[in-house]
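Chains: A, B, C and D, in written order; residue numbering restarts at 1 for each.
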Amino acid sequence: MLSAAEVQRIRNDFPILAREVGGSPLVYLDSGATAQKPQCVIDAELDFYAHRNSAVHRGAHSLAVEATDAFESGRTAVADFVGAGIREIVWTKNATEALNVVALGLAHAAAGLGGPEAQRYRIGPGDSIVVTEMEHHANLIPWQQLARLTGARLRHLPLTDDGHLELGDLEEIVDTTTKVLAFTHASNVLGTINPVERLVARAREVGALTVLDACQSVPHLPVDLAALDVDFAAFSGHKMLGPTGIGVLYGRAELLDTLPPVLTGGSMITTVDMESAEFMPAPQRFEAGTQPVAQVAGLGAAVGYLSETGMADVAAHEAEIAGILVEGIDRVPGVRRIGPDASAARIASVAFDVEGVHAHDVGQVLDDAGIAVRVGHHCAQPLHRRYGLTATTRASASVYTTAEDCERFLTALAGVRPFFGVS
Amino acid sequence: MLSAAEVQRIRNDFPILAREVGGSPLVYLDSGATAQKPQCVIDAELDFYAHRNSAVHRGAHSLAVEATDAFESGRTAVADFVGAGIREIVWTKNATEALNVVALGLAHAAAGLGGPEAQRYRIGPGDSIVVTEMEHHANLIPWQQLARLTGARLRHLPLTDDGHLELGDLEEIVDTTTKVLAFTHASNVLGTINPVERLVARAREVGALTVLDACQSVPHLPVDLAALDVDFAAFSGHKMLGPTGIGVLYGRAELLDTLPPVLTGGSMITTVDMESAEFMPAPQRFEAGTQPVAQVAGLGAAVGYLSETGMADVAAHEAEIAGILVEGIDRVPGVRRIGPDASAARIASVAFDVEGVHAHDVGQVLDDAGIAVRVGHHCAQPLHRRYGLTATTRASASVYTTAEDCERFLTALAGVRPFFGVS
Amino acid sequence: MSDLQQLYQQVILDHAKQRYGNRPLLGGTGIDRSPQFGSSHQVNPTCGDEITVEAEIDPGTGALTVRWDGQGCSISMASASVLTEIAEDTGPEGFAAAEAAFHTLMHSRGQGEADEDVLGDAAAFQGVSKFPARIKCALLSWMALKDALAQAHAAGGDHA
Amino acid sequence: MSDLQQLYQQVILDHAKQRYGNRPLLGGTGIDRSPQFGSSHQVNPTCGDEITVEAEIDPGTGALTVRWDGQGCSISMASASVLTEIAEDTGPEGFAAAEAAFHTLMHSRGQGEADEDVLGDAAAFQGVSKFPARIKCALLSWMALKDALAQAHAAGGDHA
């Protein structure tokens, strides 16, 4: 656990937290959308540009060597952070691209690209792809597209009223036709942490590939992807104190080397003539063109910062914040929260509906008090429809979130319905 | 033209140029690979993180509004810089992604995605795609993939001995079967500036789409994409004094709204259910997931810097540098330059072969004198093969390159063959 | 008045509750309707809010009836209500004038002067223009009615 | 000695010119060859350099013959030449020992001590380890021979 003093010291590392909004000190409860950046992350990018900027893996000159060093140290740092090998970490621009690289790579395999090694990835009519009803659009639409492109059927695991996956029909839904099971580790709306082990076990039984959306777990919990035994995983730098413009695809080495690449171009080939090209092994085969090198340096600094703080402590701190938010929200009259209780394994992402007041209006009143929350469907329209809603308000936390942030938020929330004369 | 004093003032804006390499002040002649960044670009990213970092186009809160503002001002700045409308500028991670978005978008259309509006993009057996022999792999391999996926034939315009496109057979090669003509505005190896007007005119005659690789023109020349009348264009932020991790796809508004998107996910949809999704119009339809927002702010600052300097002046300065490099290299004994003379319309990217010394060894000796050049195939293997080479050494310039940089390079180059005892 | 109070003026809060024009749609009901009819569905992708607006012009009198249904924040609901009032009171021409003025006002970043003669209760939306994220909420129904009216006119053909 | 001089020691420059073992390949020539034969093609994607290395083991004497062809920088050419010398002098076992030592040396970032007994002329490559971008050049032919030898042993089957 982090003491209040430690959290305060952490806050001093984040320049934006000194900001005021509309005359009040900023209360930032939108970390689920994107996290704020400590100075060391900003400095790592700056330092890269000011001292070693240059093309990586290409030049023999000293600057290029230093840039390549920064780039590959970033990969090592991220690999260590999530229990992966360095050849299992592919840079993408965001988690969305990472998920698309898997889905469209499978589509390419189905279309006959990738040679004999890619045959094992063939998906077609009669096969199925399974997702869950709580997925972010980033882990849903790419699979819809794959289903369209291949003729496979898209199925999903439904939700219980209290925001868990309904696994009663798991064996029926994930069956021998299932080629891919894609699911989120933690819901960005409900906060639910899903039972990875059980889902992976079922996928293994039927020989389906597993794809884990780790966007909301890697920034908040200790995550060991090798131990989780998933085949692929995706997460984004900007949600884990890192820069925008950088995401990560994890894949088991053996799979990455044979999955056909989606984006093609420079730096991912061995030989090219006018008719055809040979692709490098992973990770380079998926890293076409100039990579977000400064952002890799920044992300390396971000995982350094998180490791130093200690992910177990981060998780414990955020669990405490989750408790304050969940219980506090449940006490506000006329507010309906969706997602599991404070007692469940959950992250500090808490969404709710204020009866009689639209989420936009809720967010506006909170913003007037300097409190930044997210309103809307949070890129999860099917989830919202499941609970009879189109939009909710969401408060979400990170390592720098304090109990005082929660108190200010809860006080302002209590004033929303009175402001609009609803009771 | 920029005076020597003006160039000196410009150099002071680039922190990395104060660096030493191996005891000598850095001479950076690898701007064709990636350009250095002025302080204002670094500051724009830093300022974004420290003051307005947050999710764009999503939140109602004040930070989100400020972030969205920064993001969309960047788009306006880039659109103005290249003569485009704001709905015609799509953010990508690099130029490579931009070219893939077009090629794979066409592949998706051919596979039946995108509904009736996308029918016009259908490509199949009997059709052809035409590129040139001087393309960067980024503007070659995606078209190879499109040909594979659709059964269309890939053809190419060959090169003359002096580094120009051989257009004698243009009418034969670009014929009525041609659906796409993809070519580079300026060669990253030869320096050649291609006759866009003539190529576009021929494509229009046969109804082919034109795709311009503007990676090496937008950073170095005044470019008005609307005036060039191309259908699509691609360029990268990092080559035009901007950050890594950001690229641009330009497309005529009318085309972008109907081309099927490649990467799918959040922030590019209107409505989603478990089975299907409706996509937004351009540019959002191509901007799935969290965008490189801080990098857009940085790129906005970069085009501001270039505009203030004046692209006509930048081009004139670099033409002078090109002249010094070309003529200087031609005077060094035992060096064979590829590409047009100083008198031709060209950019300051000059590649050459040192007889009896491999490019790697040339680069190493230059690096020892603090001079950074690029060695290898520069992601253009077919071009090199055309000239009987596998690798060359390339010196390339930007706005901050001086005549003294060229002199130091030329002096060191003259010492290379003696160093290896070749004569 | 704080920015927040300017945004949520009493007129707006009242319209958000009364919702003038929010009534069953004719759409697929099979009920007889004027040949000069148009319907437009608009979505705000950020929040999933949506609205359907119908415009019906009486071929005899030229009178305009507006019907709408949808869900959204107080700004979007109030805006639809206000717009119904204006459109039915002043007809297609009055709406066109108001629509232009409203569009300009919304993009004025808090600097615009609302012309109450043209805008009626819509003048109360001036405060919205200070909140860029909310402009789309205010404009959604206006875009829909503009579109529905264009269809109604087109459908009217010679009769228009 | 400057780093550059350490990189390009005379031994290396000499081998880059002499190129021991750089001779016509047996590959597709139809010439009779030992059943214990292997061939490996390696590419350095950065620069397009490539090398093909053949290993042939005489089933009677166990003697190893190395043939290679390719194009590349002085470091890669000299490395192939040096390796041929070692492999032919000390046989597959000697090469295996040298390969391990060479690999370690290359990744020592200038800190490694070269064991001349094991490495022979390859000890001169110590300076390369200070230049990360050139390590691949030095290792290319070693990877190729290692691979070719594995094939030769496998092909040899019982005879091995």
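To be clear about the criterion, a contact is a pair of C-beta atoms (placed from the backbone, for glycine too) under 8 Å apart; a residue touches a chain by one contact, two chains touch by 3 or more.
Each chain and its UniProt protein: C, D = SUF system NifU family Fe-S cluster assembly protein.
Treat the numbers as computed from the prediction; the structure is a model and nothing was measured.
Q: Does A-D or A-C have the larger number of C-beta pairs in contact?
A: A-C is joined by more C-beta pairs in contact.
Q: Return the distance between the CA-based centres of chain B and chain C, expressed in whole Å.
A: For chain B versus chain C, the centre distance works out to 45 Å.
Q: Cα centroid separation between chain C and chain D, in whole Å?
A: Averaging C-alpha atoms per chain gives centres 78 Å apart.
Q: How many angstrom lie between the CA centroids of chain A and chain C, rounded to a whole number?
A: 38
Q: Two-or-more-chain contact residues of chain A, please, as numbers and ranges.
A: 22, 58-60, 64, 267, 269, 271, 360, 364, 375-376, 381
Q: Listing for chain D: what residues touch at least two other chains?
A: 46, 48, 50, 131, 134 - these are the residues of chain D that touch more than one other chain.
Q: Counting only chain pairs that touch, give me the topology of the graph as line, ring, star, complete or other.
A: other
Q: Every touching chain pair, please?
A: Every touching chain pair, ordered by label, is A-B, A-C, A-D, B-C, B-D.
Q: Which stretch or stretches of chain A touch chain C in the complex?
A: My answer: residues 22, 357-361, 364-365, 368, 375-377, 381, 384, 390-391, 419-421.
Q: Under the touch definition given earlier, write down the residues of chain B that touch chain C in their complex.
A: Counting only chain B, the residues touching chain C are 57-60, 64-65, 68-69, 267, 269-271, 280, 284.
Q: Within the complex, which stretch of chain B touches chain A?
A: The contact residues of chain B facing chain A are 15-16, 19, 21-22, 26, 28, 30, 33-34, 36-37, 41-42, 45-46, 49-55, 58-64, 92-97, 99-100, 104, 108, 111-113, 131, 133, 136-142, 144-145, 148-149, 154, 156, 236, 238, 243-247, 262-267, 269, 271-277, 288-295, 360, 363-364, 366-367, 371-376, 379, 381-382, 385.
Q: Quick one: which bits of chain D touch chain A in the complex? Just the residue numbers, please.
A: Residues 43, 45-46, 48, 50, 131-134.
Q: For chain D, which residues are in contact with chain B within the complex?
A: 2-4, 7-8, 13, 46-50, 71-75, 131, 134, 137
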